[in-house]
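What follows is a set of structures to go through.
Both of the next two complexes hold subunit A, though its partner changes from subunit B to subunit C.
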Partner chain A sequence: MARYKMVVDLDRCQGCRACMEACKVENNTPAGVFWMYVFRFEQGEFPDTSISFLPRPCQHCNNAPCVKVCPTGARYKREDGLVLTDFERCIGCRYCEVACPYGVNYFNWRKPDHAFDDYKMDFSDPDLVAFTGGVVPPYRNPDHDVKHGPEGRLTSGSGHFKGVMEKCTFCVHRVEKGLVPACVDTCPVGALRFGDAEDENSPISVFIREHESFQLLEELGTDPSVIYVGGAPPSTESREIERPMTRV
Partner chain B sequence: MVAVTRRSFLKGSAAVGGGVLASDFLFGGLETLRKTNKVLLADQLTEDYVHTTCWIGKQDCGMRVRRIDGRPVKLEGLAGHPRNDGTLCPKGQAQIISFYDPNRVKTPLIRTNAKGEPGAWRRASWDEALDLVATKVKEVLEEDPKLVLWQKGRSKAKDFYDDAFVKALGCSKLGHGAYCSDTGYRAVEYTVGLHGVLHPDLLNAQYVLSWGWNITNAGGNKFCWITWPRQMLDAMENGLKIVHIDPRLRPAGPFADRWVPIRPATDLAFALALIHELIAQGYVDRPYLTTYTNAPYLVGPDGLFLRDEEDTPLVWDETTRRAVPVGTADSPALEGTYTVDGAEAKTAFELLKEHVASYTPEWASEICGIEAEQIRRIATEFGEHARIGSTVVVDGVEVPYRPVGIMAYHMAQQELGFQALRAMCIVPMLVGAWGAVGGQTADFTWKVDKNYAAFEELKVEEPPYDFTLKNSKFFPINSGFPGIVAKVMQDPERYEVDKLPKVMILHHVNPVVSFASQPDFLEAYKKLEFVAAITPWMSETADLFADVVLPCATIEKYEGPISATDGYIDAVTLRLPPMEPLLESRGEIDIYMDLSERIGVLYGEGGYLSVVNEGLGLTETEFALSLEEKPTVREIFDRWSKAQGLEGISYFEQNGVLVKGAISPTKRYGYVTDPPFGGAVHRLYGESLLKAQRMQQEMGADLIYWQDYTPLPTWREPTMWSSPADYEFTLITYKLVEHKQSRTTTVPLLAELSGPQRLEMNATVGRAKGFEDGDEVVVESHNALTGETRRLKTRIRLIEGIRPDVVGMPHHFGMWSHPSSQGLGPTPNEIFYTGEGYMGATADASFHVRVRVFKE
Partner chain C sequence: MTTATDTQLPQGIGRLSRGWIAFFLGAAVLFAFGIVGYIYEQGQGMVATGMRDLGAMQGATWGLYIAMVVYFIGVSFAGVTVAALIRLFDIEKLKGVARMAEVLTIVALVLGALAILVDLGQPLRGIVNLFRYGRPQSPFFGTFSLVVSGYLFASLVYLYVTSRPDAARLAQRPSRLQGLYRWIAAGWEDTPEQRAKDRRVTFWLAITILPLLVVAHSTLGFVFGLQVGRPGWFSTLQAPAFVTLAGVSGIGHIIVLAAIVATVLKAKDRIRLDAFIWLGRFLMVLLFVYLYFTIVELLTTMYQPTEHEKVLSDALLRGEYAWIFWGSLAGLAIPALMLAWMALTRHWRVSWLVVASILVNLAAIGKRYLIVVPSQTHGQLLPYGIGSYSPSWVEYAVVIGLFGLGALAIGAFMKLFPIIELEEGEA
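So, the complex of A and B:
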């Protein structure tokens, strides 16, 4: 059985947020929602100032607090390391959001048809519908309408139901096709890597072995599947700059 | 056992809790209970991938488009494309939403209200709209073709637009370059002959002065983003050091080995001090300077080169101890003062040494706001890393090795930009880094631009002038500057111009928002008799001034040919439509062919099609387009593809890009091209600048026009420094990685990603003034020559990584026509000035102004 991990190379990340955008289009997330989020931080005082970047997807913890608190079993951990939400079981209680120390859960507040209203684009415009068939958003990815994994659950993509909790899925629908997550695929500078860490000889296993690494909030014992290389974890000195228009 | 569905589970909960469901409070209604009715069955859908080329930025990355039943759902990077190799930036990813933007211009539009106010429109057929444009254009062409002005923002198929359409009409044209980096182009064309600004041989560089290079947000020379950062990161793994010279730290992110927070508009002083120090510390590549530059040329007391009867410049031969024509000396002297025919003459290099004697690091320190020791250390490191005298073998060719260089691009747009860039060209010149491995260049192959020869004798003619002031006493070197054209249109007498443009065709350009200064464009464009705009979205310029709007496609069209080189690998590609354009928009080539046909310039010799044949290299080949028949655009590119030795356009449809292989060192490195450096003698000393200055003076031009036409870069204080002291900040602008120019705020995914406009200010300074992060402030600019003030309002952002005497704003935003652009705040172009004091000597924009900031 594969055991997937993501490596974030902070010595290469340019903070461009292409990963956030690739995720957004791939997973059809609503306005204001970024399952992948890249922090831009500033530290120090002029002129002894520094800038750092920190991509933060769902950490897909091996000891996931969100899974423990889910009252319905909707949030679950797969053997291959992916932490997913079964949208058909989620009741929207938001316990996972409270339990998660990384802030990666996004509650879906809107009906799927209205998830993109903030973009001020009328996708029901007849001139578009003639081509799109009324699909919302028009770049809607049909992979999210099928069930994934041996467990056969509806777990990928966004916008299935109003009132459920959503988050990064490591692009389960892509991983099951043998592809890497959309964020990793698009990273222009090779700062994101993904692979099977169970296989000792896989490129990601070798890379992790050969580099010093850390996990976010290691002290909490959540044991994330996202491994950071280079740079440094943000400190209490780090101030976030340049926030996108996100609702979290 | 009965399976518990969500419905029954919740029903159960409700029953237990009784009364109102918790979900009613949390999210109103019972949406969670209803299963989506839009489950598509994946096995009934057809998935395919088609190839195309990104449109939104400058560097045209390779793409593959995932389609479901022919509907594009995702844009991905094309693996194996030299520029982006399977990756895309946020703009590349986000633009898919624009395929489906119902707020685009849907059909051709004809104005129904007065110009100068937001447009009221009626829909028109393509026939009606094209006929109307053609009639107006023809009318004015008959009077004087130069009064038809084609103005572009971004042109992505020069052969078809800038060349074929403009040449077929014989009309005037204006680009956006004078707002971009043209000052730098002119300086490099003048000094070494290449058409480009400054970039190092990055993959082989060891020490780079990142001079205003917005590493993590923008490209720089030739590229818009992805390629340079990839190459820089790879070079850093081989030891590359980055010195970031910029008032803001943010551009370099965590990648600066040293940050030099220079005061804006003082780059010339900094470069002069580097020249001073390199010479003082002995970092001088004598063989290069004596062989390939005019440094050894003898300059007489009049500032001009001594020449023989055949007009060949003279050098001092140390062997025979006399002045001889260049190229005939056994041992030309680089330095020294000599007596030739009874008069004293000095080598150009000797003059440079004397010229920079007072430009010490201590002198520059005061001006630039940088410690002298910092400047001295950078000069030392630059000199040491240059390894003067070393060579390296590349692909079997021995080439000088000087792994130092400068990356500089948009920072050229400042009042003293031309001479600042001249001085910055001289820095790598001193150590022999131009054309060396790891060293300085400005293009990917060593091709000498036609401007190099043209600049040997600058034309300064008597008035009347055309409305671009070409060859005028004002701008002997002239980039073609829309800002000065706007000034001329408001006051032609002042500039001794007799004819103004009457018809304008706006090609993907939005001067009212994208160019400074907005008030000048708002006034000037009122004078146009007829304006047609070719644009995917209703630009603000079209909204206010267009008579006709012609909707064009973004990616969904055939366009090219497009270079796909990364500077090391040669490659070419096309833009291919991943879908038919929605609504009634069309590709621009279609539009121009139809327009040319109606104007009567499509067919025959000298017509649009014949210029296309020339541009694509099809003339007199079996693939040449017929000059009597209108081809489809696909057919044109099919013929061009065949002329490349391919089976046709299907090659690109199947493979996406034609990778031709590595660029050979004998094309890439100036030292080893044949002839070396393309035969251009590098102009350390700008003799023709001095001649132009004298002609300007003779014709009575004011000092402000001729003061920077000096043979050696000479410091003076920028005009804006004479604004009153309470205008205590210099406003600078910068690019965000989320946007490209002004057009991307129409992409809601990018507006969301970038957030709205902001004014960055040093946090300590801001707090002392009582500002808190997010406060709305007034930014008021001051024109030091006219006393005029202008204001905008935006929200303040307090950060540490910016000089205390500087405030910064991104140059995007300020648009009002597209719903996605609304509410994002103003463009700084509203408060910049243009014209005297706020432009460069070569007719280019400056993006610097003194401002004060206060709460109302």
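So, the complex of A and C:
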């Protein structure tokens, strides 16, 4: 059995947020929802300031607080390390969201169809056809309507039901096919790596061994599957430079 | 529709005066307001509430609803405690308030359960999946299984057992409700053996319910107290403080209800001043214990706070939440002093007790709100910005509707069954 981990190389990250965009396209997340989020913050006082970036996907903790508190077992940990949500079982109590110290959970506050109104484009629009040449992209990735993994539960993609919790899935639908998550695939500077950490000779295992690394909020004992290399954990001095202004 | 036979039922059962009709209509309007709010929420999705995601830096994902869940379940503390204390310690003077306390417990538990339900994104799944897939490892499971099921069931059994003798007595009178009383009495006969059996059953029920009560209210505290990732929640004091504040709001509620019942039913001879004094003293003790907990908690977090706890306590003490914090503290401290003054001078007045009880209940709602919300808006460990949350009209409507439903339920009970246990020879 594989044991998937993600490595974030903070020395390489340039804060371009392409991973956030790739995630939104891949998973059809509604406005104001960021399964992958890149913090842009600064430290210090003017003129002695420094800027740093910190991509924050779901940490897929090995001792996940969200899995512990879920009253119905809709949030669960797979043997391969992925922490997933069964969208058909979740009752929408949002306990996972308050239990998670990383703030990675996003609730479907609206009916999914309404949530997508903002970017449902009319592809028959002549102006658009001039660009697309008549090619119509799938409005929803069909992979998201299939049940994944040996457990056979509906776990990938966003916007299935209203009143249900969703979060980063490590792109389970891609991982099942042997692909890496969309954010990893997109990153233009190779700051994100993904792979099987159980295999000692896999590139990611070697990379983790050869570099100094840390996990976010290690002191809480959640043991995340996302490993940060280079840079430093955000301190209490870190201030966000910009934050999303969208309101769900 | 008043017939000659109906007038023979005690405590105004089965008769509706104009005042009562106005009361029922008023409560029904409030309840309907809540229903409208909830239907709107279900139509729109929970976007109709003021709650939003933590990760989107938009405030709190648990809000007024969860604060009210905690509050309502807290109120339920009153009934069974009072009832159990009466049986265990033979406190005769409290007999007059025993049944209304039990009714209050049951109504408050049902309201608490409904408040959980309105907070769920998928309420129907909530009902089904909690049975199908319930996980005892989740503190939330304890809220459902222990509080809402175990505790509610035990309270219903308790109410039933203690109601049978009265029902049997009322069933002997011809009235429109005779069938109902006969059904509740279920063949109860006034024999020494039956009375001894009832005493035994209620005694053992009381003994079982008291620990269940502590466990149940603690479980609710654990919902918050076990979360290491949220400043202000992770605390050993959370569970005992929950039990104590539950007692404060519960006993406060029962004092108000007893005062209203005594006035409306002109039953001051049945609910005598010494019952109020006993409740007042109990409330005073609980209040001082809770204030002690509050001070200990404040001192622990403020003496050498981590950066995250400092942000939170700043928001509480002089920031966004200061008015609720100091208002609630005043709402606890002033009644505590009032009660202490009355206890020291031995000059008790029901009106003062009622004022103190209303104040502590408002303060309890404030404190519950402060437990739930600030740790989310100001308690992020990663450098997310500060969020803000204020309830939307839908949330206020639903909460008001729940209060309306509670008033309807207690009012309806008063019109169907004696809310004060009947005395020998009455009816």
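Brief remarks follow.
One rule holds in what follows: the second predicted complex is superposed on the first by the 222 of 248 C-alpha atoms of A that agree within 3 Å, B and C clash if a C-alpha of one lies under 4 Å from a C-alpha of the other, contacts with A are read in each partner's own complex, and residues count from 1 in each chain.
By definition in this document, a contact is a pair of C-beta atoms (placed from the backbone, for glycine too) under 8 Å apart; a residue touches a chain by one contact, two chains touch by 3 or more.
Predicted model, so just to flag it, every value in this text is computed and none were measured.
Contacts of A:100 after superposition on the shared chain: subunit C is touched, whereas subunit B is not. Residue contacts after overlaying the shared chain place A:214 against neither subunit B nor subunit C. By the document's definition of touching, of the two partners only subunit B reaches A:187; subunit C does not. Of the two partner chains placed around the shared chain by superposition, subunit C is the only one that A:73 touches, whereas subunit B remains out of contact. Counting the residues of subunit A touched by each of subunit B and subunit C gives the higher count for B.
Of the two partner chains, subunit C is the only one that A:37 touches; subunit B does not reach it. Of the two partner chains placed by superposition, subunit B and subunit C are both touched by A:89.
Looking at the shared chain after the overlay, A:15 reaches subunit B, while subunit C stays out of its contact range. Contacts of A:164 after superposition on the shared chain: both subunit B and subunit C are touched. Common to the subunit B and subunit C contact sets on subunit A are residues 32, 72, 89-92, 94, 109, 111, 161-164, 243-244, 246. Considering their complex, residues 32-34, 37, 39, 41, 56, 65, 68-74, 89-95, 97-111, 114, 161-165, 216-217, 220-222, 234, 236, 238-240, 243-244, 246-248 of subunit A touch subunit C. Listing the residues of subunit B that touch subunit A in their complex gives 5-6, 9-10, 13, 23, 26-27, 29, 31-32, 34-36, 38-42, 45, 68, 71-77, 84, 86-90, 92-94, 96-97, 99-103, 106, 215-217, 225-226, 229-230, 233, 249-250, 252-255, 259, 261, 579, 582-583, 737-738, 748-749, 751-756, 762-764, 797, 799-804, 819-820.
Subunit A meets subunit B in the complex at residues 10, 12, 14-18, 20-22, 24-26, 31-32, 42, 44-47, 49-53, 72, 88-92, 94, 109, 111-112, 118-123, 125, 127-128, 131-132, 135, 137-143, 145-146, 160-164, 182, 185-190, 231, 241-246.
Residues of subunit C touching subunit A in their complex: 44-47, 51-58, 61-62, 116, 119-123, 125-126, 129-130, 132-135, 137-141, 144, 223, 227-230, 307-308, 376, 380-385.
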